[in-house]
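Only one structure is covered here, and it is reproduced in the block below.
Letters A, B, C and D mark the chains as written, and numbering starts fresh at 1 in each.
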Amino acid sequence: MKRLIGVIGGRECSPEICNIAYQVGKLIAQNGFGLVCGGRSGVMEAAARGCAEHGGLTVGILTGEDKSEANAYIQVAIPTGLGIARNILVVRAAEGLIAIDGYYGTLSEIAFALQLQKPLVGIRTWNVEPEMPTAQSAAEAMEKLLQLMP
Amino acid sequence: MKRLIGVIGGRECSPEICNIAYQVGKLIAQNGFGLVCGGRSGVMEAAARGCAEHGGLTVGILTGEDKSEANAYIQVAIPTGLGIARNILVVRAAEGLIAIDGYYGTLSEIAFALQLQKPLVGIRTWNVEPEMPTAQSAAEAMEKLLQLMP
Amino acid sequence: MKRLIGVIGGRECSPEICNIAYQVGKLIAQNGFGLVCGGRSGVMEAAARGCAEHGGLTVGILTGEDKSEANAYIQVAIPTGLGIARNILVVRAAEGLIAIDGYYGTLSEIAFALQLQKPLVGIRTWNVEPEMPTAQSAAEAMEKLLQLMP
Amino acid sequence: MKRLIGVIGGRECSPEICNIAYQVGKLIAQNGFGLVCGGRSGVMEAAARGCAEHGGLTVGILTGEDKSEANAYIQVAIPTGLGIARNILVVRAAEGLIAIDGYYGTLSEIAFALQLQKPLVGIRTWNVEPEMPTAQSAAEAMEKLLQLMP
């Protein structure tokens, strides 16, 4: 079974945040994992691109009813039709997660990850201290996450 | 159609927090609203009790598959079997919400309420500034919430 | 806690089917139960009207994100935003169900009711023999359902 | 993006039915598709095995909260925690579906597939005429399904 790391973040991102997300996706692939995310634009797309372009598997769990809402780098699209109730599914599908930037949807996913005691590292995202380790770069986040994962 | 106010908070509460939740439930009933919550123990039970004991309708949207998990003050039990994916349903069913204390589940509900732009007031709960008004008592919370609701 | 009987059926109905649904709703109220349904038009609306006009509580578990999609006779609206994934919630919320006419959505609810071993009686609906008792009138259906309910 | 065909059927199967499911999975892989199913035992396991052993991608959308409930041939596990509300997700994730044997859970999935107008072929399963084409073998089912798929 493919081991999946989740990337959570907003549907829009600055060039700098997008680059971090891309690097995170690249590192997920290079460490032998697949990526799971919400399948849409912004952080989700940049991370999926980074993963897919380095040979990693990408899974997108979508809010809508149709696969066409997935970004171009999603290989396995799961259109749920559940709206943002799908946020918990992204968290459950991941062994560990990296949160990058993001807004309220990302906060709900951080909350679920903490509730389910999933390994989680944040990069420039919501500050939910003391439980949530943070990192300043993709490399630092991946290193910290791998230490937290069993 | 019954207008519903949501109360979100943890499954355990101190006597002081339980009393605040009870007062919130009482005020919901006295202002002519029904109450919707997660239907379980702690803040949910205290608020439902306050509402039911003052003639208000109480709705509990449950995580599990069986009505028996509802607390004794829930009049309309909706056992979803969806686990914590039901959190978003509590938020959607409410016209406005009061968050009291709570832990990660409550944080996920606060995040969803902010994402859906629902009127929301917090009492001794997660600090998600600047978007979220706070109050120190049940009466202040209800007053602020009613001002925010259309 | 209010005991709820579910009514499942299509979003459109002939005058004859609508009348049967209305009578079922009326009997639900007269027997001291509340009604739960999908909250929309057709069979759901006719049954909710029959229940509400005879003093019964009506609960509508909606596919969409907004209470405005509920019919005019729903007193407690639960907008799930889950799309037709909400079908299972209607079944879970009911102690027993009456299926009237309907199409594929109704068939999915019949299937879930049988899977969960809920008491279920059908009126002019899908034929899923031998497990599913049927009736020709609202009165016969209610009588059979009450015999099946604990 | 990987194109997925869904296989729906029961958690238990006779040797004959298991063999048909295995052949269906094999044909899915040999025709260049991935397989999506409920991820558990019986028909789901036999089909996933057939697909995986012939180089196809296998996706399991699980009822429970944990990947460990997936059968040994699932490569991408999506533990939803939604219980049987996940049935609709299996249907949505598939471009077309083959139903094999099965019981009430399978009937709910057939109903959803028909409601969503997904291409669907049944082998020795529920008889929902006239809408649902049937086949006597894995090869016939795949041939009919591919003709129905755009």
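One rule holds in what follows: a residue touches a chain if its C-beta (ideal position, glycine included) is under 8 Å from a C-beta of that chain, and two chains touch if they have at least 3 such contacts.
Keep in mind it's a predicted model, so treat the numbers as computed, not measured.
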* **Copies chain C and chain B - interface residue numbers shared by over half, same or different** => same
* Reference interface A-B: repeating pair among A-D, A-C or C-D with over half of contacts shared -> C-D
* To do: Averaged over CA atoms, how far is the centre of chain B from the centre of chain D? Could you give it in whole Å?
  => 40
* Rounded Å distance between chain C and chain D, as computed from the means of their C-alpha atoms -> 30
* To do: Provide the list of chain B residues touching at least two other chains, using ranges where the numbers run on.
  => 65, 80-85, 88-89
* How is the touch graph of the chains shaped: line, ring, star, complete or other? -> complete
* Note which residues of chain D are touching chain A in the complex, please. => 1-2, 4, 34, 57, 59, 61, 65, 67, 70, 74-82, 88-89, 92-93
* For the complex, which residues does chain C have touching chain D? -> 82-85, 87-89, 103-105, 107-108, 110-112, 114-115, 128
* Structure fact -> The residues of chain A that touch chain C in their complex are 65, 80-85
